[in-house]
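Given below, in the form of structure tokens, are the structures.
Both complexes shown next keep chain A, but they swap its partner, so chain B is in the first and chain C is in the second.
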Partner chain A sequence: MYLLQQLIQGISLGSIYGLVALGYILIWQAWGILNFAQGEVCAIGAFSLLVLHMECGLPVYLAFPLAIAVGMVISYIIEFIAFRPLLKANDTGKLIATIGVSICIRNLLRMIFGADAFSFPSMFGDTPQKIGELIIIPQNIWNMVIGFGLVALLNLFLRKTRMGIAMRATAQDRDAARLMGISVKRSLTATFVMASVIGAIAGMLISPIYLLMANMGASLGTKGFAAAVLGGLDFASGAMVGGIILGVAECLAAGYVSSAYQSAIAYIVLFLVLILKPSGIMSKKKAVEKV
Partner chain B sequence: MNFANIYKKTRIWIILAVAVMLPFIVTNNYWLHIANIAGIFAICSLSLNLLTGCTGLFSVGHIAFYGIGAYTAALLATKLHAHFFVSLICAGIMAMIFGLILGIPALRLKGVYLAISTLAFGEITYQVFVNWTAVTNGTRGILGIEPPVILGIKFNNYQKYYYLVLLILVIVVVLIRNLLHSRIGRALFSVREGEIAASALGVNTVMYKVIAFATSSFFAGVAGCLYAYEVHFISPESFIGAESVSVLAMMVVGGIGSIPGSIAGAVVLTIIPEALRSVGDIRLVIYGAAIVAIIIFAPKGIGGFLEWVDGLLMGSRTGKKMAERED
Partner chain C sequence: MLKLENVKVAYSNIEVLHGINIEVKKGEIVTIIGANGAGKTTTLKSIAGVLPKKKGSRILFHDKDITNFLAEKVVAERISLSPEGRHIFPALTVQDNLAMGAYLRFRDKKGIEEDMQKIFKMFPRLEERKKQLGKTLSGGEQQMLAIARALMSKPELLMLDEPSTGLAPLIVQEIFQIIKKLNQKEGLTILLVEQNAKMALGVADRGYVLKNGEIVMSDTGANLLKDDSVRAAYLGENVYR
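On to the complex of A and B.
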């Protein structure tokens, strides 16, 4: 029973990591950039919700979409200032630039909100439900539902809508997409904003579980990155799997070994997976490089 | 002897002379401390440059080696009262051992996958620093590292210690420069440019990657040891993942693969946040923005700019000759 409890906890946490990972993967596929500012985008989402819900007193059903809108606008600004000029830069340069963006945002948040931690009430009620011996916190269930729901929605969007198909084409081959009359710039922007919105939602979902801090993006970003690589950066479907493996590993480590080493164990799992299957657990092809 | 020739012969001595004179110009203890930290980070960024810049092996957890060096030195200094040079070498060797432990399995990985395994390594190391209280004293850190005594001279203030850092920095620069200009260095560059092509030409890529990991982590450990003796107190907070990122930023802002660039990057990125202290909390926002701006407007980094100036002073009109030679 204890095991089941930990598993639920882990899957719930893991679906949030999966959403963060999805943001990394979308941007990686379209832009060829690992966006190290993804964690900070999550923090922006969480803090927007905090301001709108707690400070302005808006009810959750209003604050939630508004916070998403705020995340969209801010991510568009980030894309315009820092990412668009970098399309032709070298890979390492791009990576460092995204790190610069993340330092910038993290410290802006610290300037505005201070270094204190904020606690955020659960959007779905705090009272744990008892099913047999299991104690279930509504937030955990909602995290899973929203996580998987978003993935399904995204999948539908990418496959069925014109914009989604254009985005996929751009990710696959930028030049060919341009020749087919797709506005590459617009699809790149759309992908970036969409990835940021997913990140922002992940930030909002995790805020009742962990405390909100200006530097929360650092750890959340690293976990999401780890999940993305676990699932394989070239497989959007792997994000959730990677996230859940990481979340479950963390919770089992905390439950059975020691909570002090919680994240260390998660990283050891990651390290082992990388060594044994370098291209991510979802990949079928062998990593053979052609000249 | 025209100007270009004189410049070519004397430039390195001029820079050294300025570096030696610095403590007489800047007498403020606080800024001397910053200068020492900049020198220490210059060694760290040079070591990362050897691994990432020259060999193309991406490391996002480099601060772990620096931390291992710092903890080794601190433990040797406080528990065994070891001589400075003993701690220095042991710190380097200890970091190198961990570099090999990480490096050998990680050889299977490429690009971002290697990057994330180094990231994981950095996080694991940090967690061990925090939680292995029996050895590292946890978050309280290790206190009371005595200033080093060499040949009867006690390096008990920032000014004296500055010369020690400078001496080791110069030694490291000479070692890395000679390494890069040797057969090994060319092999490392060939691994970066095209691993398959390199192995087709008979370069033992596996061996050279291991060499890159080992030397790089050795120098990072040395830098960590210098840091421990500089601040006399170490705690895990100095070795968080964000520090790896700032070392990486130093290397890239300085210019990938360039020795003067790595040093310049370390100096500039150490000074910017300190110089901006007067403007308050916004300084780190500016620091982040400055990194983005440098990448956008000067893709070759400060090193590229230095090489351009260097080329101009050497008489090439466009400053291109030097840059091409470096490539």
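On to the complex of A and C.
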């Protein structure tokens, strides 16, 4: 029973990591950049919700979509300022730019909200449900539902809609996409904003579980990155798999070893993947030659 | 229909097209032949709006100045390019590849569906494979997909860049038959760039010979095929025997 309890906890947490990882992967595939500001984008989502829900007193069903809209606008600004001008820059330049953006946002958040932690009430009620000996918190279930729901929706969007297919086409071959009449810039912007919104939602979902802090993006970003690498950056399907493996591993480590090790798991996973299977567990390739 | 006047293109500082003049009339197949690095692909890319042109260049389509149109806008003018190296979308299905070809025609759902059926009739092998990913197709099928995808935008002018590269002779034959058919049955105007000069001049009404970024000769396809210098330089024949 204890094991099952940890598993539920882990899958719930992992769904959130999976969403963060999905943000990394979407941007990686479209832009060819690892966006190290992805964690901060999550923080923006969480803080927007904090302001709208707690400070302004809007009910969750209003605050949630509004916070998503705020995330969209801010991510568009980030894309406009820091990413679009670097479309033709070299990879190192792009990478450093994303790190710069992440530092900027983190410190802006610290200036506005201070370095202290905020606690955030659960959006879905705190009453735990008992099923036998299992204790299930509504938030856990909702994390999974929203996590998997979003992935399913995204999949549907990318496979069935004209815009979604165009976004995939752009990611696969920019030059050819232009020849089709697809506006590559618009398509890349759409991908960026979408990845950021998914990140922002992940940030909102995790805020009741962990404390909300200005530098929460750093740890959440690392975990999402570890999950993305674990699943394989070239496989969107890997994000959720990577996220859940990481989430379960964290919860098992916390439950059976010591909660002190929980945060170390992401790094251990990252380390192991990079040594044993750098292309991620979803790939069929044995090893990658790319450095 | 299409007129290139004094078109100059440079990659950073190196000018590779030194002011070329080309004309394509409605209903024609026009070919540009030349050696590697002569500027053939550059010419097509500059028409397609992928490359910036130097000052003084002019590209007219139906007497409309499209010199500085971006690629997206050139497609909207109904000029489409099947690029060198095919450039199909590897992880999209054949069907989605074709749908992307019709990206700008989204208001014309019925027309797209009809054209898709027409294309499947023309390329039955693409219909068999319509649910497969682009990268799983053979080279010849990929070339057919690239041409079919370019056709999906319903172009008035179809530009083909090296459709025969890397294909077996029988498949090259097949591709050229399709090109001919598109021109004769559908009345499509075609601008064809080829290294396979013999095949290209065989189907073309007129041809241009491009050498080091300049047009050095232009004539009907048949005359160029008979020309000694062309035969020596591009058809590998010993004309002095």
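Here is the rule we go by: the second predicted complex is superposed on the first by the 281 of 291 C-alpha atoms of A that agree within 3 Å, B and C clash if a C-alpha of one lies under 4 Å from a C-alpha of the other, contacts with A are read in each partner's own complex, and residues count from 1 in each chain.
Note that contacts are C-beta pairs under 8 Å (C-beta built on N, C-alpha and C of every residue); 3 or more make two chains touch, one makes a residue touch a chain.
These numbers come from a predicted model, not from an experiment.
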**Request:** Have a look at chain B and chain C on chain A after the superposition and call it: clash or fit.
**Result:** fit
**Message:** With both complexes superposed on chain A, which partner does A:Ser263 reach: first (chain B), second (chain C), both or neither?
**Reply:** first
**Item:** More chain A residues in contact [chain B versus chain C]
**Value:** B
**Item:** From chain A, separation angle of chain B and chain C (C-alpha centres, steps of 10 degrees)
**Value:** 90
**Request:** Once the structures are superposed on A, label A:Phe271 by its partner contacts, choosing first (chain B), second (chain C), both or neither.
**Result:** first
**Message:** Which partner chains sit in contact with A:Ala169 here, chain B, chain C, both or neither? Use first/second/both/neither.
**Reply:** second
**Message:** After the superposition on A, what does A:Gly181 contact: first (chain B), second (chain C), both or neither?
**Reply:** second
**Item:** chain B versus chain C - smallest C-alpha distance in the overlay, whole Å
**Value:** 16
**Message:** List the residues on chain A that touch chain C in their complex, please.
**Reply:** 162, 165-166, 168-169, 172-173, 175-183
**Prompt:** Hey, which residues of chain A end up touching chain B in the complex?
**Reply:** 34, 36, 81-82, 85-86, 89-90, 92-97, 99-108, 110-111, 218, 222, 225-226, 229, 233, 258, 260-261, 263-264, 267-268, 270-271, 274-275, 278-279, 287, 289, 291
**Request:** Using the touch definition up top, name the residues of chain B that touch chain A in the complex.
**Result:** 52, 58, 105-106, 108-110, 112-113, 115-117, 119-121, 123-124, 127-128, 130-131, 196-197, 241-242, 245, 248-249, 252-253, 256, 281-282, 284-285, 287-292, 295-296, 299
**Fill in**
Interface with chain A, chain C side, in the complex: residues 48, 50, 70-72, 75-76, 80-81, 83, 87-92, 96, 99-101, 103-104, 106, 149-150, 153
